[in-house]
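You will see two complexes here that share subunit A, one where it goes with subunit B and one where it goes with subunit C.
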Partner chain A sequence: MESSLSIICLEDEPEVLEAILRDLAPFEERFRIEPAASAQEAREIITSLEEANGQLALILCDHVMPGENGIHFLGSLISSESPVLQDTRKILLTGQAGHEDTIEAINEGGIHHYLTKPWDADTLLAAVRKQLTRYIILRNINPLPYMQLLDAQALAEHMHDKNLFSEG
Partner chain B sequence: MIKTSSAKADFTVVESLQEIRGLIEADDHLRARVRELMQGEHLLDEANINQCLWLILDGVVRLTKYDAEKEGVMRFDAVGPGELIGILTYFTGESSFFGAEAETNCRVFGLPWSDFAVLPASQPRLHSLIEQCIRDSFSRRYRRLVELHMDKQRLTDSLKRERSELQQTVQALEQAHERLRSQEKLALLGSVLPGIAHELNNPAAALVRTADYLDPVLQETFAELDQRSESLVFWQAGVQAPIADSRAQRQQMQQLEKRLPEVPRAMLRRLTAMPTDLVEQLLSDFSESRLQSAVRAFEAGRLLHTLRTAGRRIARLVESLKRYARSDKATAGKVDLSVNLRDTLLILASRLRNTTVNTEIGNTPTVHGNEDEFNQIWTNLICNAVDAMEGGGELTISTRAVANREGKPGVQVMIADCGPGIPAALRDKIFAPNYTTKGRGGDFGLGLGLHIARTIVEEYGGTIRCEDNPPKGTCFYVWLPKET
Partner chain C sequence: MATKRNLKPIIGLILGALFFSLPFIFAPEALSLAGQINLAIFLLAATLWVMEPIPIYATSVVVILLLIIGLSQQGPLAQWTQPSETSVTAVEGAWQIPAKAVDDDGRVWLRSDSKWRAESVEVIGESPTNASVRVRSNALSEGATIAARGNNWQLSFTPPSYTNYLNTLASPIIILFLGGFVLAAGAVRYKLDTNLCRFMLRPFGTRPAYIILGLMVVTALLSGFMSNTATTAMMVAVILPIIHCTPAQDRFRIALALSIPFAANIGGILTPIGTPPNAIALGALASRDIAIPFTTWMLFTAPVVIILLAATWLLLMRMYPCSVDKLPLELKGQFQRNRKAIALYVIFGATVLLWVTESLHGLPSAMIAFMPVALLPAFGVIGKEDIRSLPWEVLWLMAGGIALGYAMNQTGLALWFVDLVPWSNLGAFGILAAFGVVAILLATFIANTVAATLLIPIVMSLVGSGVVEGIALQTAALTVALGASMGMSLPISTPPNAIAMSTGLLQTGHMIRAGVVVGLIGYGLLLASAFLFWTRVF
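Let's look at the complex of A and B:
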């Protein structure tokens, strides 16, 4: 099945999670979007992806949550050898963008992109599109099915560099 | 500091000086060597060669030295009758070490070297008297040197003392300044909070009211939309249904994907938010168009629901903020501690995000006091507990109606953490001002929190104490008397 690429949305507030899912609806076409309300739940999803030989393309993650916070959760994934998590892109979406949190997110959480709440849909979609494009390139996944949804130009350049275009 | 050596002239000096004056007066040659000095007139210039030994007969001569640092002349001593000037240079031939000038009108007797050499033969009595003066002068100078050394030592010591006192004062001042600044900041925050709360209240109210107005408008619109009233049903479900939790949504999604592989996932996602009976109703007679209009109606309902929920949440927060920072600080009255504690918890919600909070806050009698001040107590105790548990852990807060030891009825609030605990030896100290375990510099690390808490509690006739919270942690008990 081509749609074995997943996106996890981790957010503890149901209303906010719902809003994120609503914004990410265009990506449902090619990616399996998995909502999670806690770090624990997100781990369960990763485990089930392992069982299904899935791949996690992106985690969109809140920072301030009861129990384990977002940066800690993302940081804990860095050392993982799980095939599910290879090259997984990480976006932190947070309302408390303190200076120290930001530094920690980059240094300890291995964050690829940082978004602040409240977000606007265009910014969120652009960030997600960019990270997913990067993921497709890094994993050497056939980009053709993703051309319309993601950054077509970047994908085409990648194909050209890799000589993925067939002659003629 | 500068003493006049002549003040110490004792009787023998006066007596021998009298004799010297007589001897000089009686001899023409010697009399010719007496020089009258007008006030301010120079006798010796510093660094010049001195030709004579000078004996002061009357008046006071000041001794001066050039001070390179001050770029001026400093008066370091003054000498009177019987004192000799220029002894050292007179005998060594070196240039003069200091300057001498008349402080008052003076009479001095100058004895050139050539005369001194023949003095033992020509004036044996005068010679021996002058020699006596020289010896006296040297011994006085030596005593004075010792005294000066001692003075200097004393000065150095007191200077050191003053310097360290000054340092302490500066430190205390810095601390006080920091404390004031923080109090000022808190006071400022307190004074602007009601304004901010008011400003926030208006848009929050507008949000809630808009949602309320939108409700019947949409209701009618959906009712008119289709004859079966299906849109209305789905819209109402959207308004009312609680948001399904993420686990249930995922399961629902998996099932729907299997049942409706041809429907886009984004559409199925909307179905996962619906109550399952409605989903079944839709699937029993499935059509693309029916699905779409149902999802649209449900979605409209959900949006309204979220609008209303968010608006109400802001309104609740604003309400708590207003109570938390009420400006009429001076007034005390009936306080319901359960409401008061809940307000504080709501305000501190973001600090408590990672802490499990167990509350047993029941109905307790009202107590006498001021809500703001009580808020301050709970804020201090809860923030301390959260800090002790480094942001995580488990916090237990309970209220209970209990009488104190004297049998007076009241309310006990317990705030217990599972942090590292407070050693028994420190339990009295923690309530003292300026006791802190937190790094200095932070706004809430001034060590005043518990002191303020105790001051407020005692103001209303209550008590505050802390105990161990086995197996680990600290438990604070605040008791306040029942309002009468």
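Let's look at the complex of A and C:
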């Protein structure tokens, strides 16, 4: 088995966090889903992942939070050389997205996907599925265990293009 | 949890070391020291290949390393135990030589033309100290060079040069596969295979049964020239949209998901470069100076491939019929028209054309295979990134298998295995039937190439030893190599099976039921081809 892949959900409002976790439940089959109520808590999770030799596949992050905001937090991860954070996919989930915030999220936060609140579950699932598929491909992780959960076609094409499995 | 996971590799390594030491502990009498060393390497390799504490290709290169160290002329073992020489002196009408110069069979080893030759001698007297003996023999002469110790292992067995083992890494069969690999790399880069697939699928229409037939024919044809695994991955990407168009509980999805890996496994049989076990057969034949031309191989295996493919199609259609009459098939995609893509088409086409016409022009297929190896990089069709990502480990895997087979033939280990069983009672049919079924069973559980590697040297020595009449070496090699491609009843049997399982469209039970029937039909076809077709031609 590979080292375990994790998803961090960073959201300060408990009800909203619960709703996100409910929507992401299908991914629990292959990913460890870690809730975090603040940027500080998210950093602690990353540190514990480092100790456990884990990998962070995705951060789903709120923007407006007391203390450090989402974009700043995501931006601070870009320069990290931690093995946990290599190729981590970043989704920003925000209610009050101004023009400036959006630009900042892309330029400074290095986000890969932008979702607006309120979200609908299918859109969220599709976005997460796409980003996780991308992560599996980028990290060259054995795609077979993820075929059913993620984008099977993209993973099959990746296997073909990269000649991932040799014959024995 | 973590400790449990790490235990299996350790057990594998310990078992490997244990089996490695067995031949030296029990030292079978019928086996020379060279044979014992070879047996130790064989047992270690078999254990590592089956238990997989290290990757199977790594085991293969370890095999080559051990062969170089233990069984080559320049290896430390042969160097340190070189036979020392002495000369014959005449004493009172007889020859005086060291007592140990006479081996266990009462022979003396005479050196002439830098080779050792055994001559029987009659011992007529010993010296008081037992250090030397007097012997009579017409073959000896005053001052002749003989071995001081008649039992030295390098007298009856001349260790091959280490280059013979290393050369397997670039032997013509490996180059043949390398040619296939660079063509495949080019095809993937310019989407030639995907476009060919869509082009070839078009005539099969939209009726579900014919869609499956089309998918199987295309998969088999492509996997005959490309890796079975890459073909399966591509075809899985092709069938997923079709699957989304079928009703959710339709059992036809199972047929779709099984048709691809089965056709890929079967298609690998079609050409010499279709799948690695074929290389082991060709390598074993080549070491006996027998070549099977590309065309001949295809001609001899085509009946098996065509009938087995048709039977598998009928079987799947019967087991898992479709509930709808029509399925939409999206076949968009255009052949690329840039200059490099066209260069690829020309080189690809020319290579395949030259391969399949080998019997007309007689150019060896490995020679032709080197053409794309040279021309594709020369025309910039593939770059160094493509070259770096070729499946080199598959070449290593095959080279290790070929080297082990070569050694088993040289040291007499293969023949020793043969002598363990009274084969002559089985007769020609029984022998091929036995090796065929063992090949299929082994290949169901372990890597196909490994199954071929373990069996082919033995069946070749058996047939070559003349214990039974009426089987050509080619027939024996083909039977085992093809059998090794027919074990496909479990997800672990072949990588294509594993890919099909990962789609979640079928359960292991489906694969076992269909795979066992396909294996049985394949087995029947194999024996029928061997006795009705191959034995009459070879």
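Going forward, the second predicted complex is superposed on the first by the 161 of 168 C-alpha atoms of A that agree within 3 Å, B and C clash if a C-alpha of one lies under 4 Å from a C-alpha of the other, contacts with A are read in each partner's own complex, and residues count from 1 in each chain.
Here is the rule we use: a residue touches a chain if its C-beta (ideal position, glycine included) is under 8 Å from a C-beta of that chain, and two chains touch if they have at least 3 such contacts.
Predicted, not measured: the structure shown is a model, and the values here were computed from it.
Visitor: Of the two partner chains, subunit B (first) and subunit C (second), which one does A:Asp161 touch, if any: first, second, both, or neither?
Guide: Touch status of A:Asp161: second partner only.
Visitor: Which partner does A:Gln148 contact after superposing on A: first (subunit B), second (subunit C), both, neither?
Guide: second
Visitor: After superposition on the shared chain, which partner residues are touched by A:Gly67: those of subunit B (first), subunit C (second), both, or neither?
Guide: first
Visitor: Looking at the overlay, does A:Pro26 come into contact with subunit B only (first), subunit C only (second), both, or neither?
Guide: In the superposed model, A:Pro26 contacts subunit B only, not subunit C.
Visitor: Pick one for A:Arg139: touches subunit B only (first), subunit C only (second), both, or neither.
Guide: In the superposition, A:Arg139 contacts neither subunit B nor subunit C.
Visitor: Using the superposition described at the top, list the residues of subunit A that contact subunit B and also contact subunit C.
Guide: On subunit A, the subunit B and subunit C contacts do not overlap at all.
Visitor: Where on subunit A does subunit C make contact in their complex?
Guide: Spelled out, the residues of subunit A in touch with subunit C are 1, 143-145, 147-148, 152-153, 156-157, 159-168.
Visitor: Show me the residue ranges of subunit A that touch subunit B in the complex, using the header's touch definition.
Guide: Going through subunit A, the ones touching subunit B are 14-15, 17-19, 21, 25-26, 28-29, 32-37, 41, 45, 64-67, 69, 96.
Visitor: Give the list of subunit C residues in touch with subunit A in this complex.
Guide: By the definition above, subunit C touches subunit A via 5, 56-57, 184-185, 188, 227-230, 233-234, 236-237, 240-241, 268, 275-276, 389, 391, 393-394, 397, 447-450, 494-495, 498-499, 502-504.
Visitor: In the complex of these two chains, what residues of subunit B are touching subunit A?
Guide: Listed in rising order, the residues of subunit B that touch subunit A are 243, 245-247, 249-250, 264-266, 269, 273, 302, 306, 309-310, 350, 353-354, 356.
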